[in-house]
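Down below are the structures I want you to see.
Shared chain: subunit A. Partners: subunit B in the first complex, subunit C in the second.
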Partner chain A sequence: MKLMDQSAILARLTEIVRTLFDEYDGPVDASLNAKAVKQWDSLANVQFMVLVEQAFKVRFTVSEITGLKNVGELMQVIQKKLGH
Partner chain B sequence: MGFDIQTLPWRRPLVPDWNRRYDALWAQLANADQVSQTDAATLSVEACVLANQRLGPLEQIKINKLAARLWKVAASGTLRRVRIAIFGNATLSLFAAHLKGSALARGMLLDTVESDFGTVTAFAMGAAQSTIEGPLDAALLSLDATAFARAERLLDIVKDAEVREAAAERLRALAVGVRTRLGVPVIVATVPAQPEDAISSIEHALLGSPARLVAAVNDEVRRGAEAGDWLMWDAAALAGEIGLHSWFDPVGRHHAKTPFASELCPIAADHLCRVLAAMTGKSGRALVLDLDNTIWGGVVGDDGVDGIQLGNGSAVGEAFLAVQRLALELRRRGVVLAVCSKNNEDVARRPFQEHPDMLLRLKDIAVFQANWVDKATNLKAIADALKLGIDALVFVDDNPVERERVRQQWPLAIVPELGEEPAYFPRLIVASGAFEHLPLAAEDVLRAGDYQATVSRQVQRDAAKDYDTYLGSLQMRMTITPFDRIGRARITQLINKSNQFNLTTRRYNEHDVARLEGDPAFLAWQVRLSDTFADNGMIAVVIVHKEAAVRWRIDTWLMSCRVLERGVEQTIMKELVDLARSQGCEELWGEFLKTERNALVTDFYDRMTFKPVEPAASNGDKRYVLKVSEFALLKSFIEVSQSA
Partner chain C sequence: MIPAAYPDLASLVQAQLAIFPEHESYLSTRFRNAAPRDLAFANELAAMIKTIAGQHLSHFCADYRWLAEVIIEEEIFFRREGRYRLSTFAEADAQVYSNEPYMRRYVNGILLSQLWWANHTSVMQYFRDTYLPGLPAGARHLEIGPGHGLYLYMAAREPRLASVAGWDVSPASIAVTTATFKALGYPGRIDLALVNLFDAPGGQFDSITLSEVLEHVEEPDQALRAIARLLAPGGRAFINVPVNSPAPDHIILFRTPEAVFDTIREAGFDIEATHLAPISGATLERARKLALTISATAIARKR
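Coming up: the complex of A and B.
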């Protein structure tokens, strides 16, 4: 899972967003956050984070999970964890 | 091969076109109220098939959504509709979503109603109004240790007893309260022990420890289940199988109050669905066993009763004994045993009668189907003989092609994957949960014996209706090569080992085989076959003696029994005839030399449209001839490549 660039990470996150939030048809980019997506409630967020962990084979800490503001920040955390 | 229960390894691997089929199904269900009853039945089966595979995380999410949508289609076809209320003191919504997808994989359509977080007690005690509307089939009570925790002084024998009794009473009050108020059976989950509670090795012997409290709750769950007060879901046992450190995820716990690691939802949900399946009669009722390489090692038709691997003295033989031991244990619980094997019946029965290490005996087998008919057809015959639905059969066969054939014909039959290693067969069969059951009653224990008396053996010879479609889907590719050095050892082995599909049973040693390489008077073929599942390797050997330019004689024709009923012999014959014709040969001669073991091919040349030249000899031998110009093309589903 090393050597993933930003666009590859975003592509994978997009797949997860599209699967989990299948009623959302707006853009998926760094600025996307839960408020913009009707299906993205606190429960869905748990599921979302688990899927991200599985997709990138990483683990998030409690503070990471609670501190994230949008997809862009999530991408940064993932990149950091993948050792970039 | 390892064994990771989290991957649900008994399920078939994901089919390559899963996403396409999913999208198609999803589109058809787009307008729930416009789906006709007939369509609903077909769509339900397809949904089950897509759900009952080794899904990745995203596929799992899709299946959960699909199941939720399918619930809304009023006429649910063959699927059993089940609606349960869920009571817990943690966040169970994610688990509930996965329950729907997992239920689908076991032939059920599930809907869940969750109680508000933290209102369990009030509801059970009658203090809160029920918010649950609509009919229910069951309720789940899933509590974690915090529902019972009460820290008291350690080493106080009186306090220790008080606390444990209070916990057991609380559990009982909740379970009985829910049952009384809802009027449906309650499934009570056992409580896994937190790894953080394992401070010392003597926790269970330490008066007042948290471990003792959890144990007291679980004891009460077991007592109630035994007394028939409620049903039991052994979540603690599952957590143990997975490992407590994986089961409990403190991050998720603190962040979202999830009771266990969320990535374990698929296995946990499947585990509970086993209990629901047992409740609604969806568990396996009969174990249908293949024989060769499933309950013993080797091929009895080729190796003989003495040659099969079974029992003491060989590691492989021990593994197969373990399979038989499991079959007997299941039989003890009322599961009916049946045999479905491609073999001559007398050959297949012999180990049951003669092999000293066999644990299974003929008296244990209710239906014994050993013949050369397609297994999907035989499975139906077994179901009919036992008066069971085909979805009550659990088909256990080491051969992936047979498993796939059965799945294609009977998508709702239970067909666990077995992997490559016989030592894991019993574990996979058990882990599949196919034989999950409720507390047994006396009649269950007697059941297996009853079947024995009533079953009348019947064989269905009519080929399955869409067998051709199946053969086509295998995408078989055959390679025909003249004898060569590389193939020499395997050719010699086949010539000396094959007994059943062997027309003349002539044995040649490696030296003889080497001499045939490049001999212009002979046509000597080694035939290999691969399909979508596997490369089967060398599966046939044909030696033809060009006695005269216009007359060739088939000296040897043998095949591996692994590839029977797939049109292999028809395809080879077509290639042979084509070649004969192109080289000016006018007549092909063939002979059947009868032995103890080759009854299978008695009519081989008749099937190949050869004409007998004389009545069979008194010893059963038969001679045939084919006028090459009169050869009628035989149906074939195999793509052939010939190399010089």
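Coming up: the complex of A and C.
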């Protein structure tokens, strides 16, 4: 999973958001955060982040998991970990 | 966030949010669609918790915040590895039960979780409204692992019970249970003892509570057989086990409610009734699909 552009990463994240947060039907873009999604509480966030780890074969630190700001920041962290 | 008709609940929510403001959206979701009957029960529970905590309420709320953070770390491990972090009683005993300061905070945190976690509240309500009224007059009651003591207190308040006892393997737990009865002004006598279920001294009971204990022992089938031995013929057990519920002292992972109920039947019980309570905010269907926590409760009769 090396070369991945922003839109490919966002597409993959969108799939995970849709699977886990099935009641949310708004847009998934860089500004999306947990506050905007009713089902996205702190436990669901762990499940989300571990699914992201598995999808991209990366490993987050605890503070990356609990301190997640929004999807845009997550995309940057993923890109960095993938070595872009 | 809480209607004025439930003042104890409203003030406890305020006290918790003063210590843990990040929990606001969780707690408002937790109570948003609660029925009046559930809010009334939650308000009663809140009044008891406030009395137990007394002037130390902010410490209790801080202990809950700490517990929530500990659970997040366990959850990360669980989701990555598909299993609980610890697997032996000796590890859980060293890290939790025999670690006095840790265990005190832990039990205080669990006390507040009885109210903040919908599955915990739901099981307690089922215990009070369905299990206790079904016990015969004169029943001798025992709880294994009373911890914060609220289940045991609700049983002790039931006038039809002849006697009430509690056994726990943790000195800190026994101290907390004792403090709960004292704070709530319980006038009667209860027998509390430091006992490991697997070294039970014998005795006969008509009713045994085993709530959130089975996932703490290495051999759940043997624990259930020990419960059966302690029950008089026809005696009943209230057995509550959370599935997919990582915690620092959970060592046995049950993945479905059915796995819990099968284990209970195989140990020599008939199941008379069951109650399934999913984690806050999830339907049972969603909890099953995503392997979220479900409290699986059975009222079981010794065969």
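The definition used in the following text is that the second predicted complex is superposed on the first by the 84 of 84 C-alpha atoms of A that agree within 3 Å, B and C clash if a C-alpha of one lies under 4 Å from a C-alpha of the other, contacts with A are read in each partner's own complex, and residues count from 1 in each chain.
In this text, a contact is a pair of C-beta atoms (placed from the backbone, for glycine too) under 8 Å apart; a residue touches a chain by one contact, two chains touch by 3 or more.
Just so it is clear, the structure is predicted and the values come from calculations on it, not from any experiment.
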Simultaneous placement of subunit C and subunit B on subunit A, clash or fit: clash
Subunit B versus subunit C as contact partner of A:Thr61, first or second or both or neither: first
Partner contacting more residues of subunit A (subunit B vs subunit C): B
Which of subunit B and subunit C A:Leu20 touches, first, second, both or neither: both
First, second, both or neither for A:Leu43, with subunit B first and subunit C second: both
First (subunit B), second (subunit C), both or neither touched by A:Glu53: both
First (subunit B), second (subunit C), both or neither touched by A:Lys35: second
Clash-bearing segment of subunit C relative to subunit B, given 23-31, 77-85 or 131-139: 77-85
Those residues of subunit A which subunit B touches in one complex and subunit C touches in the other: 20, 22, 42-43, 46-47, 50, 53, 62, 65-66
Subunit A - residues contacting subunit B, complex: 15-16, 19-20, 22, 42-43, 45-47, 50-51, 53-55, 59-62, 65-66
Footprint of subunit A on subunit B - complex, ascending: 57-58, 61-62, 65, 91, 93-94, 97, 251-252, 254-256, 258, 262-263
Complex interface listing, subunit A residues touching subunit C: 20, 22, 35, 38-39, 41-43, 46-47, 49-50, 53, 62, 65-66
Sites on subunit C touched by subunit A in the complex: 22, 25-26, 29, 68, 71-73, 75-76, 79-80, 279-281, 286, 290, 292
